[in-house]
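Okay, so here's the structure we're looking at.
Order of writing sets the chain letters: A, B, C and D. Residues in each chain are counted from 1.
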Amino acid sequence: MTYCILIIITTLITVLLIPFLDSKQKGNVAVLGVLINSIISSVIAIQVLLGQTFEYSFYGGFIFGSIILKVDALSAWFILLMNFTSITAILYGVQYLKVYQNQRARLSMHYGSFLLNHFAMIGIYFLHNLLAFLCVWELMAISAFLLVIFEHHKMETIKAGMNYLIQSHVSVVFIMLGIIWVSFNTGSFVFSAISQYSLSVSNPISFLLFLCFFAGFAIKAGFVPFHTWLPHAHPAAPAHISGLMSGVIIKLGIYGILRMLLLINANFLIIGIFILIISVISGVYGVMLAILQHNLKRLLAYHSIENIGIIGIGIGIGCIGKGIGNDFLQFAGFAGALLHTLNHSLFKSLLFYAAGTVYQAVHTVQIEQLGGLIKKMPHTAILFLIGSLAICGLPPFNGFVSEFLIYSGLFGAINNNQLSFTILIISSIFGLVLIGGLALFCFTKAFGIVFLGTARNHHPHNYEEPGTATLFPKYMIVVFILVIGLLPQLFIRVINGPVSMFQDESGLNQSLPKLINTMQMVSLASTAILIFAFGVYFIKKQFTRKAVINFSPTWGCGYDVVSPKLQYTAGSYARSFEKLVKPIINIHKHEGRINTIVPHPVGFASHVSDKIETNLISTPIMHLRGFVGKFTFLQNGSVQFYVLYGVVFILIAITIPFLINSAFFIFELFKQL
Amino acid sequence: MTNILLIAFTISLIYIGMANRLYTYISAIAFQGVILFGVAFIELIEINTLNLILVLLETIVFKTILIPMFLNYVIKRNKITREAEPFLTNFVSVVIITGIILGSFLMSNTIHDTHLRKIFFVVALSALFTGLYIIITRRKIITHVMGFLVIENGVFILSLAVGNEMPMLVNIGILLDIFVSVLLLGIFVNKIGDVLKEQDVSQLRNLKD
Amino acid sequence: MINALCLLLILISSLFFSGIVIRTKSVFSGRKGPGIFLPIKDIWRLLRKGSVYSETSSFVFQIAPSIYLASVLMAILFIPFGNIPGLISFNGDFVFFAYVLALGKFFSIIGALDTGSSFEGMGASREALYSMLVEPAFFILMGSFALFTGHTSFAEIFATLHFGSYISYAIGVLATFVLVIIAMVENSRMPVDDPKTHLELTMVHEVMILDNSGFDLGLILHTTNLKFAMYGAIIANFFLTPNYEWYYSVPIFIGAQFLFAVVVGTIESFEARFRMNHNPQFIFMLTSISLLIFMGVLLMLGKII
Amino acid sequence: MIGIYLVISLVIASMLYFFRNKTVSNILLSCFIIVQWALTIHAYNNLEIVQWVYFMPDSISVILLIVLSIIAIPAFFHSTIYFTKHPYSPREEGMYYAAMVILLAALSAAYLSNHIAITWIFVELTTLSASALIYHRRNLKTLEGTWKYVFVCSISITLVFIGILFLTIAIQQEGFKDLTYKSLLADAPVLSVFWLKLAFLFIFTGFTAKAGLVPMYTAGIDAKDKAPYPAAALFSSVLMNVGFLGIFRFYEIISRTSILPWANKIMMISGILSIFVATVYMLRVKNIKRMMAYSSVEHMGIVVLGLAAGGVGYFAAILHIVLHSLAKPAMFFQFGQIYRIYGSKSVYDVGNYFKYNITGAIVLLLAFFIITGMPPSGLFISEFMVFRSLFEAGNLWLLIIVLLLLTIIIWAFGKNVFKMLFINPIGFNDDNIEKIHPSESISQFVLFALVIYLGLNPPDMLVNLINASIINLPH
């Protein structure tokens, strides 16, 4: 309990302190606050993972009833990964915001809301009271919104922020409906009330309840078709916030879904299939759109959707495993999902930070204008490369481990006695592979075009590699990425805690040793790759010590006027893919034609728009506004009308019953005839 | 006797409906005042004299003499055109007012109430809605005031219907009557007359969304 | 130590492979053709040459070929030999196998992009697209084997893989076909790509390595051979059933490799290269075939009657 | 006590009008505050004790009275600021203060009266004083606003009177005479349904003008727009409450009878329509004051819905009224500062407030989150309870519609608020803009803190009062 009070006090003090400090100190204080809170909460989490229990309950007043503070293995896991990314985010953020030294008010708001955000997220993982949960949930959303609109002098930033705010409010609405539903039937706000209720009702009902909560959390997590806020919010936010959002905040949705899976006991088979399908769709759709983006951060945002899809696949097969009582499938599924949650938060934040560094160096994240950054910013380039390899799920990096877990779950379960699942599983394997391949396509493009070759348009001023302070948090992440990639068995052990919460006692942990063995082999193999690579390179070095090395322009097939314009662009790189997917994705082209004898300069531009967003969000809202707009005659400024409204109201209220009665009378008359 | 008076009152409503010129309205309102005096006298004969006097003062002095004069004064002072300028033609107005009367009559028939004398109810209701109707369909602000006065008369009749047990309500009604009329006309004469020359509501339509 | 046998054999057969292919082609085109060892000699010569690097390229360009080779070597470690598992073998190792190849591909692609040449970018784009399209086929194939045998590692799968009924033979043939084509695509040979073409615009793999020279080029060329040999080994494993002793299986293995090389040669001499925009559907066709295999397996297991 | 109070406030008002001197008026105002609080405390200590025949403090009236006494202080405070910043002739100033005092006194009396006719009289009085406040800035626009307000309110007050007459008819049939709420509650079950229906219809419609609900909300908007912002703050809080009180008291009576479901339907329709109208104009208006006025309409709609839904909704409705009438004035006070900086009420002219007045910007930000009822705002709790009551009453569709409309409102509101806060205004030269001292925002912060505290953890006193005030409603 004292821990929690400590956290609250720290947050209050820091938030109140920050506005009165000068710009440098603001940052340091914010770092300090985040560190303290992280350490405290992490201590609790680690204790819990080591087997202690953390549960307090106190009376929260007339409205809330009893509030339970509880950390179990699941929330402990999430707390840890949340803290890590928050720390890296603030560390990097302080450096990132150095440019804005002179705008003190802005910085105060930013750091203040960062601390609030961190605090709210801790609260989300601690609280087991639905109403209180909702409050901190919205607090988190609001503070995240304030973080996103840091560059609030731009209209599009505000637009994106509003979009995010409204959608997260919609998610709150869904969750609130669920809470009302439960509290109406049980009269209590504690989490366990949900399981009570779902025990008391039939499966379809509790599935509906689950859907209600799922919709709420899916908006936060960014499952298709609830993903539309991500591609707007991420590019608008400053880099460290994009990293935070994509690394941690959307994971809150995952946490919520997992929590609900623990509480609601519906037919897990149905739930699993539902989640699996929606996740495969999210994954494929996300990466498909990602390839066609020309804005680096937007591309990464779509990749978040894809990775959420992968996590969802893990959860889905976990549920199916629970449903059909396949212990291995269940373990692999949930373990894969949880591990991928961690992994994604690592490499995605790394990628966003790198993108941020690029932005600060050359003031654009338009892929088509970049190129050749590796020359001047080798560190950033390597970091981005590692991130890309990890996100493509290539060994020996961490992304592979979690995907491997999911794969082995799928392949392990392929041989079950229901045909439908076999089909389902093979199709989700297909989806997963497709996602992998597309991700590779996408990140070869991203890395290759942004960092390799030469600059595609003349970068105005001479930029350079940022200092150690900026690189340090990224290398922190890299260390973790490599550790997970090379020593997965350790993490499997850790993850056993939260995963076993999903398993019923019966089939507990036969699959753990099995997986640990496999993981040892995986780590062996991963190490082997590194050894091979270095070995070959070493041999090469030895072999070509005496060989003559000379440099010349790139071979232009005889055309020896080297110009950056000759390079392959991102658009042309994606062209071959674009042709394949044209039927399912809106691609708008603006093409200038040469129609005079003396050709004038013409341009070509293409951008892709999110079909789901257009059909699901924009169009309905347009119609709604149209409908609402029809009623603007009401306040038309003439007193007669104002009086008329009253008269009409009274008359209608008087006459309607009469009319209804007479209608009934006539109806009766006809009946008698 | 009361009934005859009340019927006369109803006729005056229809008369207002077909009237064209503002002076006709004013005279009609004055006429209604007289009728109200009669009705009040008959109805409230048995209540204590103080109340009675108050009521009679109100009907005769205020409703019949002061307000019409006041209206005349306003019309002259602000050089308001003498036409009522309704949105709808008088024919329609007459039809609708008749409809109102008919409707309130029908409605009163649904009441199974020995206690209340329906005629009061009918007249009051029709006066109310006629007044509202006038407010809604006439263009001039002063006609709004007139419509309001008609409503007030209706309320007065209704309060008479219950008043013989509860004089307090009648007094309150009178209070309202005097109070509001003074307020409205006060604003009217002092301000609107100064600011706006032609009493067209359309000039008071700046506040809107 | 016997596990290393397969590795050894693959390494050996990789030396001959392209030689055999070339010789086959020349025979079909009525020429005498070069010696079997010519390609290897070329590679050896390249290895000792100096190299020219593009000025636009960075260190990525220099490390890429090494990692490419390393990835293939790594992949080879997984290949079993009959009932003898590879050096590394665990459940789901073919996932690792596929992903480690993808790693190599990633580096070869960014290596190509590093030169900033439009041709190499084009080649890279095509390569990425094709490997993306070809991966599902491989996974579904392995999935159906996993379903068939109930195991999820190369070694166990091939150890327990045995053909009984007619369907199974059909499946075997189909699987072999798919693997052969996968090998062709992965090594960008006919009919997807023509290594002998001289127009950069129509190349896939060759255009990616335009700027590689000397040692790197050698590495890349030999990596291709290794890949061929590797796929050959996988195909060979269909025919190495557990009940043979190793002195039977080694000749079978060699024979299979040889046959595979000849087949490749034959295809290359009688098949014309597709138009570029026909390639995707052709490659995707593999996926559908492997789905057919999957259905066949379901039939065999009596899940669909 | 109430008698003394009325007399004193009348005296104070007249003195305010005649002694036109800053210090004197300040002293007088503080005196009035003291008297006001004295009345409040006295009322709280003598619950359910009839004084002066026609007045009896009960729980609901005490709650509203406390709210009024709280709001009165910052209202006067900001009025003084208003007069230091915008010079007006002492006469006008005196007029303004006198009218405001009368308004507050009339409101207090209207709250406390236990006789339906007396309530009616004092409500009438509020119309008068309010119109004086609206017409404070003497120009055509304010004149129009005043005219409309007076006219519509007179009509509606007449409707109320007619309703009372019908009620009288109803009770006369049963041979009762007494029109106090207590006896009405007692008699309600036996009264004739027909007359009660008519009475309810007229009284409800009449009071909507004050409460700012469909159908008669219209004039209130203009009033809040045209009145000086401290007065507007009062209009959108305590003045609306008196309308609500009128409805609530009669609803109590109705709730004893068989026509309760019918009345609920009427109120639900009115409530949902109010929210809808608010949505329509939130999307449209660019005048900040009107925007806030419409948001008040929306909140009253929510309140009425809660009342109509019943169950936990009763509690929620009262709580919502309290919280809203604490939160909304704060926003109006904030508006005063905005107006001083930009000299305009239009969203188009206001912008980048964050740069020019950071404290005020924070207030505005808070105001947005609190008034749109996002947790941890207290209004969220009351809204949550209202939604829950709707759910319990089985109006799931209604609930969904309401949620949708509220979301649209948040969007529309937010769009404007954030434009004001962050986006640079066009053609606004920021040299020689006045620096606003943060101390002027303290009252807003206090009010917001109050809203959050009362919402998240209402003290037992409040809870008991609310429970006591809904004791007459069916459970």
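Following the convention adopted for this analysis, contacts are C-beta pairs under 8 Å (C-beta built on N, C-alpha and C of every residue); 3 or more make two chains touch, one makes a residue touch a chain.
It should be emphasised that the depicted structure is a prediction, and the values quoted were computed from it without experimental measurement.
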Length of the shortest touching-chain route, chain C through to chain D: 2
Chain pair with the most C-beta contacts: A-C
Computed distance of Cα centres, chain D from chain A, in Å: 43
Centre distance in Å when chain B and chain C are each reduced to the mean of their C-alpha atoms: 101
Centroid spacing, where centroids are CA-atom means, of chain A and chain B in whole angstrom: 69
Between chain C and chain A, distance of the C-alpha-averaged centres to the nearest whole Å: 37
Multi-chain contact sites of chain A, meaning residues that touch two or more partners: 632, 635, 639, 641, 643, 654
Residue numbers of chain D (touch at least two other chains): 147-148, 151, 155, 221, 281, 284
Residues of chain C whose C-beta touches two or more other chains: none
Interchain contacts (touch definition) - all pairs: A-B, A-C, A-D, B-D
Chain C partner contacts - residues on chain A that touch it in the complex: 371-372, 374-375, 378, 381, 385, 389, 392-395, 400, 403-404, 407-408, 411-412, 414-415, 419, 422, 426, 429-430, 433-434, 436-438, 440-441, 443-445, 447-449, 452-454, 514, 517-518, 521-522, 524-525, 528-529, 532-533, 535-537, 540, 543-544, 547-557, 562, 564, 566-568, 572-577, 579-580
Chain D residues within the chain B interface of the complex: 117, 120-121, 124, 128, 131, 135, 140-141, 143-148, 150-151, 154-155, 157-158, 161-162, 164-165, 168-169, 172-173, 177, 192, 194, 221-222, 225-226, 281, 284-285, 287, 290
Complex contacts: residues of chain D adjacent to chain A: 147-148, 151-152, 155-156, 159, 198, 201-202, 205, 208-209, 214-216, 218-219, 221, 262, 266, 270, 276-277, 279-281, 283-284, 352, 354-355, 358, 369, 374-376, 380-381, 384, 387-388, 391-392, 403, 407-408, 410-411, 414-415, 418-419, 421-424, 455-458, 460, 463
Chain A to chain B touching residues, read off their complex: 632, 635-641, 643-644, 647, 654
Touching residues (chain side chain A, partner chain D) in the complex: 60-64, 105, 131, 134-135, 137-139, 142, 149, 152-153, 155, 158, 161-162, 165-166, 169-170, 172-173, 176-177, 180-181, 183-184, 624-625, 628-629, 631-632, 634-635, 639, 641-643, 645-646, 648-650, 653-654, 657
